[in-house]
Amino acid sequence: MKHWMGFPMFPEQASSVAGRVDALYFFLVAVSGVFAILIFGVITVFIVKYRRRPGKMAVASGHGHMWLELVWSVVPLALTMVMFFWGAKLFFTIYTAPPGAMDVFVVGKQWMWKFQHPEGQREINELHIPVGRPIKLTMISEDVIHDLFVPAFRVKNDVLPGRYTTMWFQATRKGDYRLFCAQYCGTEHSLMTGWVHVMDPPDYQNWLGGGAEAGPMHVIGGKLFDQLGCATCHKNDNTGRGPTLVGLFGSKVTLKSGQVMQADEDYIRDCITKPNARLLPNYEPIMPTFKGIISEEGLLQLIAYIKSLTPPQAAKTGSETK
Amino acid sequence: MLRHQFEDASQQRESAVLGMWVFLATEIMFFGGLFAAYTAYRYQYGAGFAAASHHLNMLLGAANTAVLLTSSLTMALAVHAAQVGKKPAHIAGLLVLTMLLGCAFLGIKAVEYHDKFVHHLVPGASFVWEGTLTRQAEMFYYLYFAMTGLHAIHMLAGVGVVLVVAILAARGRYTPQYHNPLEITGLYWHFVDIIWVFLFPLLYLIA
Amino acid sequence: MSNHILPIKTYVAVFIALMVLLAATVAINRVSLGELNIVAALSIAVVKTFLVVLFFMHVRYSHRLIWIFVGVGFYWLTILLALSMTDFLSRTWPPLGR
Amino acid sequence: MTTSEPTMPPVHYLNCDYSIRSWLLTQDHKRIALLFLVSITVFFLLGSTYAGMIRTELLTPNGNVVSHQNYNKLFTMHGLIMIFFFLIPSIPTVLGNFLIPMMIGARDLAFPRLNLASWYVYTLGGIFTITAAVAGGVDTGWTFYTPYSSIYSHTNVTTMAVGVFITGFSSIFTGLNFIVTIHKMRAPGLTWFRLPLFVWAIYATSIIMVLGTPVIAITLAMVGLERVFHIGIFDPALGGDPLLFQHLFWFYSHPAVYIMILPSMGVVSELIACFSRNRIFGYKIVAFSSVAIAVVGFLVWGHHMFVSGQSAYAGLIFSFLSFLVAIPSAIKVFNWTATLYKGSISYDAPMLYALGFIGLFTIGGVTGLFLATLGMDVHVHDTYFVVAHFHYIMVGGAIMGYMGGLHFWWPKITGRLYPEQWARLAALVIFLGFNLTFFPQFILGYLGMPRRYHTYPAEFQVLNVMSSAGASILGVGYMLPLFYLLWSLRRGPIAGPNPWGAKGLEWLTPSPPPTENFEQTPVVTEEAYAYRPEENASG
């Protein structure tokens, strides 16, 4: 935390966007400051200079002045447009994860954060990540709306029940940084906090090495897939009663209704929890819903498994999860 | 009849009419919340909405539309009768007719509600849906009951107000010079009619 | 905002038009036009609304101020619908910035 | 200011009838204004008590004064009461009710019975709210976000929602009444561009009340249904979308901010004009900007949802529109400043409040730009930065305007002057206390302290202690007027019809005014703020 005259003023800059957010902040502070000082200054001068004195009447006309009013409408408008474009551009960056980002899966519940790494490690209220690598969080809530917020990274996003939201960041400095729940979520909202531990990549590899006896996420997901009997219909060679899931992730799917959808995490989640809303041509609506049967973490594992099912010829492009 | 705050009768009449129109703008937004919900879910759950809509009785819906439009005519004629100075019994008669048509509408609505209740199409624990897309169908029925229910509450209020106005009309209160309560009641009645004109295609006619 | 009196035959004519439009709504619904069904149904509803508002509610003969408030009501409804739909419509669009 | 010793009129609206019945069944807009004044003051004191407890708790990071649940109830009740039962009704129902008919030369509002009904409806909603508070309070935050409010909270959400729902109709009735009154009841010669700017501001506010409030009403009704019957449209478990709730909620609740601030802007226009003896610079632009704020204010609600999971495309649109609403506000500030130019400025207490308003509103306004800027908002959203921003608008803006207006028209309302020196002192104490309370919260927010936190990391303590210290000063500042205004009711010097030498029809009639306001309906022949008629003749 940076201090000024003993007061903390700024959180640490520990992500690739932190400096850019701060730069925008300084710009906004500067513009605001100039305007505020200008107005306060002018008011002070006026109220002193034109204070009421006996025998002295005011002389100005109060009917307005076209030019003046035009100037002080157009100048602020122009400045706000600069703010808009600058802010929007930065928002694109903060909003869109770069390709090849490392996945971490997040489940929020009252009142804790559960993190899952593709390699299988799970942690609660602590998140270990390597420095210098883009990390993409895929997040969902088990109950109410939460919000994952890391001030040092200048990023936050709501975590919704029923639908995935994502956010990404790239830590630039080793260290331990606070993470908060920023969306009010009930009694112990203020205890739904934790730490992000940013580590050197080798340390991170070591950390990954210790633990995860159940294996990587997609392996756990594969076991779940077998346990739930998914494989009886979804066969790898497309001979089952349900469509094959090999190569599904990331492809475009044409539904019975003619709608074309991108098979992303949300799509797969919806197919599992409300299968009848995503009917395919040539397949009967026979899949039961698994809503309430699989936990949010289990769903993420299944998705990791389905993501790992790449057709042989596409294997060279590989997925980051391996 | 002129209240102390007004200068003359025309100021009073214009204020009453403007006041009613402002109130109707409020009413539009009151229903607007539900229309917004409907639009959002119709977009997302088109298939489920279509399937659920088929279980509504389109003939009853159309009949109800006809009943309401007719009641609007009788209401407009009642206002007209007051404007041209018809006998109190004439005005009151048209208002009673309007009221009876309103009751007919509510009666048909009650039959429909009863039918949905019997077929377990009321959202909640007892909702039973034969077929896929249960959640979407339930959402449709939630909106169906919320929108038509809110509309029915407005109809009930309207019937009550028309009854009062009819009694006053029968006592000869309304003249070509003064019939503000009758006029603004008419505006309200037509407005409730218009809401139904939109509810009918939105709920009953999803292809 | 004059107290304009319409002849009874205007009311009857409007009523007949409304009934014809109702029949048209039901008839068009029998034909499958895909997306156009809803467009047609709502267009007819809008026409009906115009008839009721202009004649039954006397707005055609009312002061400009009444016109404004009628417009304001429907305009605000449009704001609510249109701007909230910007979210629902564009959620599935590809991510920004790429 | 007046040459001969002023005297009280023998019969006025206060002493014409002393019975309880004459108050509870009154249709006099001035008496109804006083009924509202008493009611909202009660709620203000209640809301302030909650605020005091919040700031006490936040003195230490560990949350050792009240439990988690109780803290959550404190900030929820503080927000709900202050917003729905104090800020939204404050200026419209008290000063608006009292002044609008007098400013336009009318004997009363267009619908006096509806006006009285508005107070009863408000009181009924208030009873529900107090019931909810006594029964244990509500812990959802004033925003009622689903699915927390509709499913998970175990507090009195339904009772509270009913209270807010009912009170909404009070707003609608009042707004409707003002719109019709301003359109139809103006005195002869009083054209739109001769109206005081306060009337314009109240008109714009009424538009928002009439068109926004029904949406929150129906939305809260649906939350109540979802909570009671477990059927609904916001719960994802039922196939609903919690973001739909947020859209509907903010469709009203963002414009609601303008319900709070626009009337204050109107008051400030009156004060600046009177105490600098000048016509408001660019009168027409200031008048239109009120209406512009009311209209454009309805197009920007999505900026509360930039990180909510709302589509980024919608975020872009809402961000752009949000910047547009900043322009009319900025223009108002510039025009007020320019009004001072070559004026004849006196430093009476209402003027001090008005100047304080401009300063604090400016800071609140420019920090609003931070929140409208997409990339910036991601970091400061839901932090104390937001808390500081909206308190600068709602307390620094709305309440400063309300206090200024209350002092300015106090002589008109009661017929007596308040003690000027005490009033200046109070204005100064409030200004200083306010800044000490809320300025540190901007820094806290940028540091990343989330709002609605009962416990917080120790490194945030210094700034929190400063803020709490400021709150105690602010509390003293608000207590002072309560005492000296009550004192002035019996002991204050007799004011006379126009103690400020102000322009405007309300100053032509005795203080306190007679029940019918004017003996004869006034005829208006000049523009508003004709402090120097010789110039207006040439202008």
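Lettered A, B, C and D in written order, each chain numbered from 1.
In this section, a residue touches a chain if its C-beta (ideal position, glycine included) is under 8 Å from a C-beta of that chain, and two chains touch if they have at least 3 such contacts.
Keep in mind that this is a model prediction, so the values were computed, not measured.
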{"item": "Interface with more contacting C-beta pairs, comparing A-C to C-D", "value": "C-D"}
{"item": "Innermost chain, taking as reference the mean of every protein Cα atom displayed", "value": "D"}
{"item": "Chain A and chain C: spacing of chain centres that average the CA atoms, whole Å", "value": "41"}
{"item": "CA centroid of chain B to CA centroid of chain D, Å", "value": "35"}
{"item": "Inter-centroid spacing, chain C versus chain B (mean Cα positions, whole Å)", "value": "16"}
{"item": "Junction residues of chain D, two or more chains touched", "value": "183, 211, 215, 239, 243-244, 247-248, 312, 316"}
{"item": "Shared interface positions of chain C, touching two or more other chains", "value": "65, 72-73, 76, 80, 84, 88-89, 95-96"}
{"item": "Multi-chain contact sites of chain A, meaning residues that touch two or more partners", "value": "91, 93, 95, 274"}
{"item": "Complex contact set, residues of chain A against chain C", "value": "91-93, 95-96, 261-262"}
{"item": "Chain C-facing residues of chain B, complex", "value": "10, 13-14, 17-18, 21-22, 24-25, 28-29, 32-33, 35-36, 39-40, 43-44, 58, 62, 65-66, 69-70, 72-73, 75-77, 80, 83-84, 176, 186-187, 190-191, 193-194, 197-198, 200-202, 205-207"}
{"item": "Residue ranges of chain D touching chain C (in the complex, touch as defined)", "value": "183, 207, 211, 215, 243-244, 247-248, 251, 298-299, 301-302, 305, 310-314, 316-318"}
{"item": "Chain C - residues contacting chain A, complex", "value": "92, 94-98"}
{"item": "Touching residues on chain C, where the partner in the complex is chain D", "value": "65, 72-73, 76, 79-80, 83-84, 86-91, 93, 95-96"}
